[in-house]
Amino acid sequence: MSTSTEMRALLADFRVAVALPVQWGEQDPFGHVNHVTYFRWYETSRIAYAEKVGLMTLHREAGIGPILASIANDYRRQLTYPDTVHVGVRVARIGVASITLEHKIFSEHQRALAAEGTSTLVVFDYKAQRPTRVPEPLRLAIEALEGREFPRT
Amino acid sequence: MSTSTEMRALLADFRVAVALPVQWGEQDPFGHVNHVTYFRWYETSRIAYAEKVGLMTLHREAGIGPILASIANDYRRQLTYPDTVHVGVRVARIGVASITLEHKIFSEHQRALAAEGTSTLVVFDYKAQRPTRVPEPLRLAIEALEGREFPRT
Amino acid sequence: MSTSTEMRALLADFRVAVALPVQWGEQDPFGHVNHVTYFRWYETSRIAYAEKVGLMTLHREAGIGPILASIANDYRRQLTYPDTVHVGVRVARIGVASITLEHKIFSEHQRALAAEGTSTLVVFDYKAQRPTRVPEPLRLAIEALEGREFPRT
Amino acid sequence: MSTSTEMRALLADFRVAVALPVQWGEQDPFGHVNHVTYFRWYETSRIAYAEKVGLMTLHREAGIGPILASIANDYRRQLTYPDTVHVGVRVARIGVASITLEHKIFSEHQRALAAEGTSTLVVFDYKAQRPTRVPEPLRLAIEALEGREFPRT
């Protein structure tokens, strides 16, 4: 089975995924990728997701955008250069004014899960400077992308 | 009350704290410090703590060092340049082969909590390539620094 | 002679300097501070300088701000954690629409020069989207800070 | 002409090139990719080159590796997310104990040169802690890759 077939299988649960090369300088004196880098990759996957469901457009046009409220990560395997990571991201929960995402990082070289995490975004009205309800078009776009309905909270 | 007196009051629960200037380039297009930077600051505080209780020496001399197993963070306030952050760190729990730390980031400019998180380190035997029990001298050093005993698990 | 006296002597030629702690995670697998970090530090010193002579205010209020046109750096000594670097910055030349700065990084631990570089900023009119003449008040502020006149080009 | 054909044409002078996605978080408050990131990309291209001519193996096996002595960069165009950059790298000069490389960054989105720079590596004997002559097999590997001879200095 080719690498890309394997990676596709690992990423089967995700409608959005980004592929990112590991850069040598992302490694630290312990000789593996510094743990901070994982959050940059998660962010990149989150932004790709946000673009796809129209949240970045909403931000540019209506001043309603995401603010990161919390993030958590479990490190499963050490990563080293050279490698390419594939970061899958999906929505796990839609709250009144928040969206919770699940992320997984797979190593192409190790063909295995390297890390998994969650992040919670608050939908923020930058003009009013306060959280705002998840806009209905955003909810519908997420449901269309994920192919399922999310419980209303 | 002067800033430093206030910061000392905010950091009263911490035996170890590091002060770090916010750098302009740590800000992202949203105009505040990018969330990834917080993890660099936490790491800096963890290393300072590890130095203080002899864990970095243990790593250099005996090949027994920390591996980050998990980390979680709640963002409380947005940070902007210019500012100085004060990162307090303390041990919350000593497990069989792991140590859990609590971190808090305070903004000197806002004189308020900016973020709080936890991280769990596994004590790793780099020669044997597996986790190892928290060495007794390390436990004693932590207890001496924190001024209290931790339950044995 | 105390450290701070020595650092002040090393920085005597600079009206603006910033002190920055080396962070452990800024080191790479070669075990010293990764070369990219030096440019973050230079930027921090440039922004401090720009604040001091009113260039950042000009940017916020009139849409006239700096764009980095070029940068060069010579690495003199490897840096390691723990250390504090002191970055001195001064204007070397004022062109028609550009300003050239000199930077030096000193290691507090080694009490020696770690790197020296130059960077050239173009003064950019963000509304017109083109370079613009160095505003006279900016020139005067730089000359007042540096305590000398710069040739008109 | 398709994008990849165009990029191949732009990179025709380079035997080694790396493609790297721009990450959203690499942008700064000015709304374009922060200038520091370019040096991370250059480094990635340098390491790819060093791997290809055996310099990284030499480092691991014989303790003879590259140290960055100097670097310079000219910024030609601002970059924004989303985009993919292609970084070409080639050897411009082989000195007694040094190697000078030329780098160019092309934007896939803008189909244009975004930056060009040079970097000089010193070949360093880590055991003896001093620069050492460019090993003959390294010179030959570079010449084979570049398809030309370099003057002996």
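For reference, chains read A, B, C and D in written order, and residue numbers begin at 1 within each chain.
Criterion: a contact is a pair of C-beta atoms (placed from the backbone, for glycine too) under 8 Å apart; a residue touches a chain by one contact, two chains touch by 3 or more.
Keep in mind that what you see is a predicted model, and the values were worked out from it rather than measured.
Chains that count as touching both subunit A and subunit B, per the definition above, are C, D. Chain centres here are means of the Cα atoms, and by that rule the chain farthest away from subunit D is B. When the interfaces A-D and A-C are ranked by C-beta pairs in contact, the top one is A-D. Mean C-alpha position of subunit A lies 30 Å from that of subunit D. Remark: subunit C and subunit D have CA centroids separated by 25 Å (rounded to whole angstrom). Subunit C has its Cα centroid 36 Å from the Cα centroid of subunit A.
Among the residues of subunit A, those touching two or more other chains are numbered 24-25, 34, 36, 40, 43.
Judged by the touch criterion defined above, the protein chains are all mutually in contact, each touching every other.
Contact residues of subunit D toward subunit A in the complex are 18-21, 23-25, 40-41, 43-44, 47, 51, 81-82.
Subunit B contributes residues 30, 34-36, 39-40, 43, 65, 67-75, 78 to its touches with subunit A in the complex.
Interface of subunit C with subunit A (complex): residues 24-25, 27-29, 31, 34, 36.
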